[in-house]
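Chains: A, B and C, in written order; residue numbering restarts at 1 for each.
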């Protein structure tokens, strides 16, 4: 305790220019643990958070999820299907070897070859048709068709050292690269291959216990303020807050919204919060036989646009944000908040219970019907509580609603089998742009286009799909944004997805630290700074 | 049932029971609680399961706040705007139902199986005890978790799951004490008289195995209620829209640090009162029923 | 004796096989792990590829046959979530749980037997009543609530003890233990108390019930009449007789303490295998759940065997081998 305070004081002193001093340690309590340290094993939030400390990507995101240079200092679209990336020349891996284009080539080759990977990053590399390396610090990437999302997708995976993995001779082949063997995930977990270019070096990893990192003294970018960073997974909300209040950790991720008032009133704690790219929504199923609607003689009332609109009008988003989310959320009117690429400022949603009742009557349901709303109870912030509040609001306009709240393992299997007429879920746009939710939630499921992967509503609108096709083939950003905004309007008019709110991500830390809150929800130790004295 | 000669056994039991004043108080509380649970609609001003009666804008009101519908939230409201007093009364019903039914089912199954094992011995005993081993080697919480995940949500399902978790304890306990009793003279004597097996088991073995069973069963009603709370805490258990006491505590868990103490405190107190009452009654019953302690 | 042990072991093998089938089908029925594990951004192609990588594209019985085949060779499969051998994952977490469970049992016995004896010998004294009321409370409160209260009181309000985690560990026999360091011991106290509460109440009750029965029996009355000192009567005659139920129950309970550490480990972020189990169930990580259960069952079988052996030593009336000898 005393040591840590001393550490903080000295860290502040360093920043104030007081010269070298003893070690500064930052301990962070995380809400989830990575499933592996292998940066390509599992496309999952906590894994990416861990990866970003040690391994970097060509392109990065700033705190507002806008693209920014990382290992590539610049890039441009040469033509509709060709991109050129200029790499930084001053970058060294943790073992001292220089970073070159071959490391990128090897990384792209390795990604499809991770044994037992439950969710691989191939979704982000499949757009690459060919890679040319004119010189060690230039990459020319060809895509099969116009692919505006390429830079954003290159921001999702970390680059490993080809030399450390013995892959200096491996060349890219769309059909599958050739190598004698590929690195195992185990080699990352035990630290052997934890050689990246990031601001921190790997030091120690005890599964379920802690991950220890130390500063990379040769980092090309701004040096982090911390000599040592310790990540401790504390997955239960209460104990995580308690650990911060007790001084066991210096900073925690996502304190529960219920404790926000208390944390705000605690003088030794500061908070940082940012709107995230995750929308919590209701999906209204238009199946011919509704799985969880009764009282309609087997018909599905949700096939009637008026009924869907009525349900959307019944929802009081301000009440949900204020009462259930304790103010730590933003009411949502579309799939991504204002400021994100593709947000359409003209799209609005309203609350009007009287009009909702009238619409139900017009549609032939003056007495409403019975509905079961599916929701996970351990996936999103207060998910089952939000669902209950929604059920209240539906019941009030005459749609008697029950809530079926289950753990995520049961919920997602049921939802994916379309066993709910209406379900609550969340969508986070990893690329930070509108095409992601539109493609996944609204588009008709089309296998080879990767459309409708999370469309469990049986909704299909060919005209919308066409609009999306055009937008996704438009490399010019300004033009694409217009096309996406038009698609958003069309999707919202259909009321197939009812947006509820955008989650707000919160970090709580000891007084004396500051953190620029990030829309992508990641906790990056390098960006945690001791406040100026 | 053989008739009593001087005084009916039930009357004697009642008289013995009444000697402990604490136990009588416990019984009185228990009866009150049961009445409140049975007549929940009359006792509670609000039906907390009727979503149309709830208002999210009334959520997390402190005790004593005036409610919109003309009555006062004497114990405050929870995060969905449920009147806590009403929620506790209705929750009591669910918790008691779960605890008592699960224990009774488990007890019946366990006693039957345990007695059979002890009395039959040999291969039957071996097979049954191996089954008990299988059962006991599964962590209770896991069976309940898996069962409930398979069955879905609902009070009936929780009862089945809890009974499935508990029967083996009784079987083992019954067998253990029956094994000891079986060797005693009175059983040998009964056997020499060539009394039917069922009679020996029911009239001679069972009463003597009962005292430890009552200790376990008392404990298990409480345990069942607590286990149900834990399952709710883990996200299976009863439906969120029809909370039991355990569920109320579990959802109040998140509000503990924030100062909304009433959400978990009052249901916690209610749970405590119920369980202490059950235990007081059970303890006394055990003392009264144990033939070696009654004089 | 050897015949008895052999028979037990054969029976146990059957138990383990039956359990493997049960858990395998049980988790298969809950849902598809890919639904939980895969990134929402993944497309159909990637989904199919991931399912194939984890071997989930095969029908149930083929998956089970594969599992049995490799299980015979000691390989219980690779974790769907973590991509490392499941058994290794569980074993790595085992010492933490064992340490916690043993600490809790030790607390329960060391405090429970004397308290239960006292309450049994002087049932009507104030102390006796307080002890019994305390034991009722110990039963009543859900573990997670008690844990949270402990954290609130001792970590947040008083600041005496850490709120969670395992703290510093030191190595003994090549395994990391918390109780060997000051910091680790401080981390161990609250979770151990939390886990012990329930068992402590159970031990108190058993000891009290046993004491009350035994104290009234003729041989104890006789021993008293003979003029033996009260300490000797309690220490030899009573203690020995109440140990029978206590030992049986404790034997049974060690397994359940290990299993029930699930909740305590979640509340205190204790990196044991109970926490691993809960996470694995929530993510439908079947190999880990199966490995955990097989290990627990094995442990349980061994404990049962030992309990029965001790039982027969303490109570010569019970004979091994099913009773009909």
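Everything that follows uses one rule, which is that a contact is a pair of C-beta atoms (placed from the backbone, for glycine too) under 8 Å apart; a residue touches a chain by one contact, two chains touch by 3 or more.
This one's a predicted model, so the numbers in the text were calculated from it and none came from an experiment.
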item	value
Chain pair with more C-beta contacts, A-B versus B-C	B-C
Chain occupying the most central position, where position means C-alpha average	C
Euclidean distance of C-alpha centroids - subunit A vs subunit C, Å	38
Chain centre separation (subunit B, subunit C; CA means) in Å	22
Whole-Å gap between the CA centroids of subunit A and subunit B	45
Shared interface positions of subunit C, touching two or more other chains	30, 148, 152, 156, 281
Subunit A residues counted as touching two or more neighbouring chains	238, 242, 245, 378, 407, 409-410
For subunit B, residues that touch 2 or more chains besides their own	149, 234, 253, 256-257
Subunit B residues touching subunit C - in the complex, by the definition given at the top	121-123, 125-126, 130, 133-134, 136-142, 145-146, 149-150, 172, 176, 179-180, 183, 211-212, 215, 219, 222-223, 226, 229-230, 233-234, 246, 249-250, 253, 256-257, 264, 268, 271-272, 275-276, 279-280, 283, 286, 290, 292-293
Residues of subunit A touching subunit B in the complex	237-238, 241-242, 245, 256, 258-262, 316, 319-320, 323-324, 377-378, 384-385, 388-389, 391-393, 395-396, 400-407, 409-410
Residues of subunit B that touch subunit A when the two form their complex	51-52, 54-57, 59-60, 79-81, 149, 152-153, 234-236, 239-241, 253-260
Touching residues (chain side subunit C, partner subunit A) in the complex	30-47, 49-50, 53-54, 78, 80-84, 89, 92-93, 148, 151-152, 155-156, 159, 162-166, 266-269, 271, 275-276, 279, 281-284
Touching residues on subunit A, where the partner in the complex is subunit C	35-36, 38, 41-44, 115-120, 122-123, 126, 185-186, 189, 206-209, 232-236, 238-240, 242-243, 245-248, 378, 407-410, 412-414, 416, 427-428, 430, 436, 440, 445, 447-448, 450, 453-454
